[in-house]
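One chain, chain A, appears in both complexes that follow, with chain B as partner in the first and chain C in the second.
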Partner chain A sequence: MRPSKFTIAFGILLAIFLVAPTIIVTVTSFSAGEIIQFPLKEASLRWYEEILTDRGWLQAFGNSLLVGLFAALLAAVFGVSIAFMAARGTAVPRRLIVNAGIGPILIPVVVIAIGIYMVFSRLGLGGDVPSLAIAHSVIGIPFVFINSLAAFAALEENVEDAALACGASRAVTLFRIVLPQIAPSVLVGSLLAFGSSWDEVIVAQFLNTPGFRTIPVVIWGQMREGIQPSTAAVGTLLTLISMVVFIVIALVNLNRGRRRQGVA
Partner chain B sequence: MNFWTLAGLPGIVFLGAVFGIPLVLIVIRSFTDPGPENYLEIFTNERYLGSILRTVGMSLTVTLVCLVLAYPYAYLMARSSTFVKLLLGAMLLTSYWTSSLVRTFAWGAILNNTGIINQFLQDLGVIDQPLPLIRNMFAVFVGMTHVLLPYAVLAIYATLRTIDVDLERAALGMGARPVKAFWRITFPLSLPGVAAGAILVFVIGLGFYLTPMYLGGPGQELVSEMVAREVQDFLRPGRAAALSVVLLVFVGLILVIATRFVGLGAIVGNAAIDGRKNAAK
Partner chain C sequence: MSHNGSTAPGTQVDLQGISKRYGSFLALDDVSITIEPGEFVTLLGASGSGKTTLLRILAGFLQPTSGLITLDATDVTRVPVYKRNIGMVFQNYALFPHMNVEKNISFPLEMRKVPRARRDELITGALRAVHMEDFRRRLPRELSGGQQQRVALARAIVTKPSILLMDEPLGALDRRLRESMQIEILKLSRELGLTVVNVTHDQEEAFTMSDRIALLSHGRLVQYSTPAEMYEKPNSSLVAEFVGESNVFRSDELVTDRSRVEIKGDTWHVAAEDGLERLSPGDRPVVIVRPWSISLTDAADKTTVLAEGGRSHLEGTVSAVIYAGESRKIIVHGGGDDRRELIVRQPIETELNVAVGERVLAHWPSVKNLLTKEHAA
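Right, the complex of A and B next:
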């Protein structure tokens, strides 16, 4: 049933509401003046120049990138591991494992943040890439878990049985047969984990020190001091990287769908 | 213990250490630092009680509005021509993939006293004084709705796209009017998606932190902000822990009740994990 004209008009208005903030931030980041203007009176790249030549921003950028990559890697390894147990483990009820694997995205982030902060401050952790990456990997695990569990559960077990029957060990079967088949889903999950770390503020804020900050923490600090075009410029760069991650995910998914159709 | 249980051990141990232990520590601390009176304080002090009620009220309101807005949008995405579908999808995902931090910043720039809306209205001469659009619950409501709307749309769309268009065609063929065909056929079949979206939006909304903190007014803190401030500003981690436990129990109860009707997989956006193994075949 084709939607009515009224519904279409409503949808377009809502779509404008959805993208307006992104467009406004992007446009104002090119402002030439000191204050936020929309629409722009005069355009310039001065705020981008300021950011890209500022050591503090570049350092924060590097920190964010490293934390995100490392967190995604940890989330990939442990998320897949939990998915194996949830799908075919026999010792613990599946439901429990699924709840554990999904749990971190349904629990308020601030609770995870203060919990990890309490543990880490007791252990003297925090203020560096590894500790924030470990903390962020918790938030990333559900994304890998959800994606790889779905892919793993859909596998033909016969293929593994064939490998085993031909004399391959369990470990060889895991690395040569199972992992290559679910790799695209693990990749999608890891990219989502990277994305969740990339713009995470709350945990990062609890684990930051004056010498160690990520981009979102610096942006959040700036926002609370007042609204500046340089914040808009950093925000635009932050969004740009997120979009790149999203496009890669879309491409992997597209490719995955095509391959599945090819098999069937 | 079979091979796959063993393969899962590293993940479970890691998650237990970095996620489980902190949660247990929060529970212990809420009762011991300085003592169980943390809870007494939370349930008798108007500041905490007010923030809990405000959080639940705000999250409920945002959820209802999100559903009402998201449904027609998802319906359009499921039933329009490819062009409209791609356009709406692209705009939805652009919003979804813009960091909630950046979107919150944008709403600040839009709603500020010297912000885009007030500037515009003053330039037109409609108003003399800026409208109080920020530092109040209205701004929090707008910001939260904007951030959470894509979740609702995606959940509803995931169900709508699986409903066979032929069912509607059959109803029309047998003489039902389009409106009736929608309400009697499509809408009831899409309810699981609506429920999944509602639960997701409500639960995420309960934990909102940045948006209410940036757009909200003084004395109108939501629970997450209270938790953080108890730790950072008031140095009362025990009280923060107790407040966290209250929040956790509430979220947990909602999920326990909700998952009796909707699969956890459907709520988090991958229904495949609800099915029994190989159910798809």
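Right, the complex of A and C next:
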């Protein structure tokens, strides 16, 4: 069935509504003037030049990247471990583990932020890459957990038993047989965890210090002084990196889909 | 025995009093089986009979609640699966999907610490044994079901295990492929001198492949014998009814007279004496006759046919003639209060001498009757 004209029109309107803010920010980032203007009067790359030579922005950019990578790595380790417990463990009831694994999605971020802030200030943590990465890994865990749990469930029956019969211990079976099979799902989950850290502002706000800020925190700070074209340029770069992450996810999924078809 | 003489001879397997309890459910009840080196044994039974549980206990995936497992007189009851030196084949092939054929077969060699230099030769040998030499670089998903099972078989035998375990290995294949694989697996296991334990619910497969069959029902070992003995000397009605098509005649009376069993109905009469020694006083006798043993003649000839004596018979009407491939199945309805029916089989090449609705006498020599006892549930 072909969609009706109304459906098409509605679809286009919806797309404009969703994409327009990004387009406006992107366009204004190429402004040559001192203030945000739309549409552009004159185009230039001066704001990109400014942010890419500004130490503050570059440092924030580096912080965001490092925090995102470490958070994704930690989320991968914790997420897979919890999923493994839920899929194979017998000691703790499965429902309990599943709730723990997806919990951070259900709990308001601000609550997580306050909780982490209280614990971290007791422990003297905060204001550096490792502590924010640990905090962000909490938010990233559900992405890895959900993806890997689904991958565990999709594993073919008896393959692990076959490995044991071949003489592989349980640990070797886990690392040589199970993990390679669920690796694509863990990668997708980790990329989503990176994405969730990359634009996270609430927890980052709680744990920031004048010497340690991530990009979203810096943008947030600038908003109080009034938005500048440089902020738009930073926002555009943020969007670009997020898009790269999601393109990688799409490619991994495409590859997985092909493999599944091969099985059938 | 192997042609090059390099393989270890098969292992003797001894299962003693194996029980497995899940809460109040007894999945296996005191099962004891001894398997001689190089023997091909099939665990046969319906689903829920405990045959797979027994295989998984023998493999080491499960611990028995009680009982002892020895391989060549070494107690392995508490030895984990990966230290038992077994080869195993699963119904769903269970190849490692992310490894190609060669890596799949190399994996057990690696795990058993076979030196790298020797691996390639062993892999090639195993692939040749299952006629898959040309598929080394393929991934499992690029192979058909039959090819995958060949690779799984190669992976199971490449380390020359002491025992080959197969969990319904041919269950997922179509009939024709299944039959040719049965012969191939049998040949291969004989060549390698492997002790094989196979699980199936397919009695034809069990009869084709096995030196001995262990028939299990509700967690108990019902009979453990050669296929011929199981067919000809079933030790209870359950065995007789499970293996092959049967006409079963049950008696209301218990065995008393130790010379002969006679059971009568309105339209039939069967007698048996062979096998009476397997019955004890108090057993309820059951007489079995295989459909192939029965002849059909015109009901009018009854007196002539039965005159010579020593024959069992049923008089009735032909209610159906069914063509079933190489044989035809004829149902004779005895009528009478017991509504007795008899299944008769004839080779398709013989001329059909009866028609539906015709009155016939079904008769057979009483020595063809199998005498056994009612299975105690």
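The definition used in the following text is that the second predicted complex is superposed on the first by the 262 of 264 C-alpha atoms of A that agree within 3 Å, B and C clash if a C-alpha of one lies under 4 Å from a C-alpha of the other, contacts with A are read in each partner's own complex, and residues count from 1 in each chain.
Everything that follows uses one rule, which is that a residue touches a chain if its C-beta (ideal position, glycine included) is under 8 Å from a C-beta of that chain, and two chains touch if they have at least 3 such contacts.
The model shown is predicted, which means the values in this text are computed figures rather than measured ones.
Overlaying the two complexes via chain A leaves chain B and chain C side by side, clear of any clash.
By the document's definition of touching, of the two partners only chain B reaches A:A15; chain C does not. Once the two complexes are laid over each other on the shared chain, residue contacts for A:V159 go to chain C alone; chain B is not touched. Of the two partners chain B and chain C, more chain A residues are in touch with B.
Residue contacts after overlaying the shared chain place A:V109 against chain B, while chain C stays out of touching range.
In the superposition on chain A, A:S137 makes contact with chain B only, not with chain C. Once the two complexes are laid over each other on the shared chain, residue contacts for A:G167 go to chain C alone; chain B is not touched.
Touch criterion not met for A:G62: it reaches neither chain B nor chain C. Contact with chain B, but none with chain C, is seen for A:A86 once the two complexes are overlaid on the shared chain. By the touch criterion defined above, A:I177 lies against chain C but remains apart from chain B after alignment on the C-alpha atoms of chain A. Closest contact between chain B and chain C, by C-alpha atoms in the overlaid model: 12 Å. Against chain A, in their complex, chain C makes its touches with residues 59, 61, 80-83, 85-88, 90-92, 94-98, 107-108, 111-112, 139, 141-142, 152, 155-156, 159, 165. By the touch criterion stated above, chain A contacts chain C in their complex at residues 156-159, 161-169, 172, 176-177, 180-181, 259, 262-263. The residues of chain A lying in touch with chain B in their complex are 1-3, 7-8, 10-11, 14-22, 24-25, 28, 35-36, 38, 74, 77-92, 97-119, 134-135, 137-138, 141-142, 146-147, 149-150, 153-154, 170, 174, 195, 198-199, 201-202, 206, 216, 219-220, 223-224, 227, 231-232, 235-236, 238-239, 242-243, 245-246.
Of all the residues in chain B, the ones that touch chain A in their complex are 1-5, 7-12, 14-15, 18-19, 21-23, 25-26, 29, 69, 72-73, 75-76, 79-80, 84, 87-88, 91-95, 97-110, 112, 114-116, 146, 149-150, 165, 168-169, 172, 178, 181-182, 186, 203, 206-207, 209-210, 214, 223-224, 227-228, 231, 237, 240-241, 244, 247-248, 251, 255, 264-265, 267-270, 272-273, 275, 277-278, 280.
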